[in-house]
Amino acid sequence: MTVKLGCNLTYEVTADTIFVFNVEVARLAANANLKDTVTVNPGANVEFYESPVRRNRYLRVPASPGTLSLHYEAELTLDVVRADPQTLAEVPVAELPFSLLPYLLPTRFVPSDRVAGFAQAEFGQLPKGHQRVSAICNWINDHIAYTPGSSDAETTAAETIMNRAGVCRDFAHLGITFCRALGIPARYVTCYAYGLSPPDFHAVFEAYLGDRWWLFDPTRQAALDGLVRIGVGRDAAEVAFATLFGGGTASPPEVWINRSDRTPSDVWTTDAISLEGLS
Amino acid sequence: MTVKLGCNLTYEVTADTIFVFNVEVARLAANANLKDTVTVNPGANVEFYESPVRRNRYLRVPASPGTLSLHYEAELTLDVVRADPQTLAEVPVAELPFSLLPYLLPTRFVPSDRVAGFAQAEFGQLPKGHQRVSAICNWINDHIAYTPGSSDAETTAAETIMNRAGVCRDFAHLGITFCRALGIPARYVTCYAYGLSPPDFHAVFEAYLGDRWWLFDPTRQAALDGLVRIGVGRDAAEVAFATLFGGGTASPPEVWINRSDRTPSDVWTTDAISLEGLS
Amino acid sequence: MTVKLGCNLTYEVTADTIFVFNVEVARLAANANLKDTVTVNPGANVEFYESPVRRNRYLRVPASPGTLSLHYEAELTLDVVRADPQTLAEVPVAELPFSLLPYLLPTRFVPSDRVAGFAQAEFGQLPKGHQRVSAICNWINDHIAYTPGSSDAETTAAETIMNRAGVCRDFAHLGITFCRALGIPARYVTCYAYGLSPPDFHAVFEAYLGDRWWLFDPTRQAALDGLVRIGVGRDAAEVAFATLFGGGTASPPEVWINRSDRTPSDVWTTDAISLEGLS
Amino acid sequence: MTVKLGCNLTYEVTADTIFVFNVEVARLAANANLKDTVTVNPGANVEFYESPVRRNRYLRVPASPGTLSLHYEAELTLDVVRADPQTLAEVPVAELPFSLLPYLLPTRFVPSDRVAGFAQAEFGQLPKGHQRVSAICNWINDHIAYTPGSSDAETTAAETIMNRAGVCRDFAHLGITFCRALGIPARYVTCYAYGLSPPDFHAVFEAYLGDRWWLFDPTRQAALDGLVRIGVGRDAAEVAFATLFGGGTASPPEVWINRSDRTPSDVWTTDAISLEGLS
């Protein structure tokens, strides 16, 4: 089963600017047989970097005033790990791998310390495990309206609770916030999402259950076994599609994803889905 | 039916300080036959003030380092207005008395503008009128834990939603916030509350329905027809029991209230209760 | 000396909406010989209200979907009170008129309690009186960039300190915040401002010194003796030019003001200016 | 030159609790010849972990209700890197090692995005390099009062600006915030600090200049060449001395540090000091 995807980004650069892009598909076992190309124009002095643990792939591009464009395309075989959700337990803090403890801490857009009372009151007494994280996603889907334009780059999960509205970024941040407040490691994931309408970059989250990270999408806008990971971070700041040090205005991105074996209207999986062979 | 009540306040004053107290019972029709005395020691240069519209009674007391004490006692006949809650409708903004429009605006501890999305999502579709304000009180009572020490003098209603905990001040602020966000005028009320255990000053709120202000207590800690009003304000800042310009530490206040006709364990009224003969 | 001023406001109303306007010149001694007319189209069921103490004039207009326009024009003789700034002392809290104490309290956009440390550190040791409020205005003018579009209707004075940018509303809120934190009553003033370029509604603030309210404009965009008061409030929420309960989009307002005796390039007064004969 | 240091921590544990401690000296070239021992009582099932890049050393201790104590002592030869501050330049974003880019991002207690306007206005035009970070430290020392008890575990750098008061944690967060807002990577450092009075754990920050991280202490409470690093993190959350998952109350920690070659009253270094041989 083959997935083909890509994106076109275009900027009108207004000052000498450094761009850091994070749009390339991560080189994971789940993204098998990955072949991809990225073209930046003008493309002088582009640098590539793959972060050692999370395997996020970044491009750093120095740009002068004028038009900057990036074209990315990739082909891969999506090979996810599946499990029965009922088998996935929460891991007590005493037994969590030490390297995961930072994923319990509050971050800029994830004030899990301030929202601890809310999380405990709403979810503290629920049965633990995958079903509790699912209950969090259900709560978010029931209580937060998906409303383009209702939030911005400074919106925190606390504000999303107030606003009762947000976009995929806010849905993911809120899910992460609740998980961390309950002692469940959680992190932010950017991806290409098969079936997302209209096509765009997508953001979901991963919670650590059993012995690895599992995907959750409180927006319910795409099947979990059609997500192709770009990056993971503690919150959206670490995996922005584009970070500009300087100035420029973006055209709406063009994003596409197709797969050979399925249509978006097929029945969605009820399996738990992980993109990691090993935690 | 006679109510007797009072309080003792004691401060260790650490610098030249101006105290503004608001502990005297308001001279309302509902507080009939009011006889009261206030004694401040040392009591030089104490000034009394009754605000013209709200009828809050303030004392201004200049104090030097040392002990300052205030003793207040009052006797009155509580004579409230009663109504069948089902008869009390919300008043469209087009028909509200102009002088009430400020009670729709956000204030320091009542960020009704920021919480508008939350209020609309939770209560926007409910049937209007007294029952909607009751639904707000039920929601608060169900979702916020009454927890002494969980908040402080800077806590806003937005934070109370996050914390899912508060005291009577926070319960009242949250009720006011939701009402204002829905277009219902609401204000903060301080009172002596018959049956409150342990005895203390109490805070509730009033919403404007039909043609006057009606009492609501989301804490459900005292019967509505046993509340003796001290002050009303747009939020707690305006009717603090004591405001200090200077420095001092308070002993826990002693507060008492007794009535001749009833015990705290009597069945509570289900009437709507107003303290105002005229709006 | 005669002032002629006015405004045109136009809205595309998208739902049944109640408008509350506050654009009429206040009937103060300072606004002598006031003759004005307001025309609303369509103008059915327009109500007028003048608040009893502050003398703000409000219009309530019910509107259906379609175009709503308001035309206001006024003529008056501006007759301000002048004083030598050096004669204007701060009033100790012990001596303030009781009715002014609310102007020391924090409000939604004026978190004077949270910014108290900042205010004390920056201005607490300065010589008291008019010169201290002037020092506050100088600080604001030196440290905050006047930047249209840098703030919105939810911006508080605390955020203005962070942003180091704002518009007249933010400059006024910040001045009020610092004054209140220092024990100086202060309030928000909306006005027509002679010489403001481009012409627009303007916001400044008043501080209570000596025996009345005195004008301050930290933006320094217009001479103080060319301000014609519309409204005063505890913060901007109370004196918005237009408050909509419903939905609509505004065209940019047209605002004008001319005077018979002066040009905008004349030397500005260094007098302290008050619009009130009596406090 | 030999440094001897240590700490005693004691807790009354009130529920089954997981402690994560970060009090051991980092195994850096600067902390040469390190010999240390840590004793936990009761000490069953204690786990040790050293993070791979930052080299923070954590202990995870499961505890039952009762008394938990930790005794740590260490001996080492402090061997810092020194440089002439004037030689240390800021590194353009285009040239920063990729792995340092996360140290430009906002975190929970370091809202560098929200304070960007403040940082640019105050420091944006200053000469770049070590002197600019020194100017930031000077500003903090001049404007923020070192006031024990003025902040808590949720205080952000934005609030520290409002309060104009804080402790070492707040001073460090504010320095980091300003640096990141200016494009200078910065991170939070916990340490034992020779000469700190009274002895306690200390927090400072590092900024990346030239080719490595350099120490800065806006509190000016200890000489930079007497700091022995415990941990580094993006903000205080990552390197808390103790994080409790459960419940307990701490006695005041006992902390000590002595060195063989110097007294606290010796002249402090004016060198730039780094604890890293390689960036």
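All chains are identified by letter, namely A, B, C and D, in their written order; residue positions are counted from 1 within each chain.
The definition used in the following text is that a contact is a pair of C-beta atoms (placed from the backbone, for glycine too) under 8 Å apart; a residue touches a chain by one contact, two chains touch by 3 or more.
Remember, predicted model here, so these are calculated numbers, not experimental data.
Chemist: Which neighbours do chain B and chain D have in common?
Modeler: Chains touching both chain B and chain D: A, C.
Chemist: How big is the gap, in whole Å, between where the Cα atoms of chain A centre and where those of chain C centre?
Modeler: Between these chains, centre-to-centre, one finds 46 Å.
Chemist: Centroid from C-alpha atoms only, then distance chain A to chain D, rounded to Å. What do you get?
Modeler: Using C-alpha averages as centres, the distance is 31 Å.
Chemist: What residues in chain D touch two or more of the other chains?
Modeler: 114
Chemist: So which chains end up touching which?
Modeler: The complete list of chain pairs in contact reads A-B, A-D, B-C, C-D.
Chemist: For the complex, which residues does chain A have touching chain B?
Modeler: 114-115, 117-118, 120-122, 143, 145, 158-159, 161-165
Chemist: For chain C, which residues are in contact with chain B within the complex?
Modeler: 18, 20, 47, 49, 51, 58, 60, 62, 92-94, 98-99, 101-102, 105-108, 110-111, 113-114, 153-154, 183, 237-238, 245
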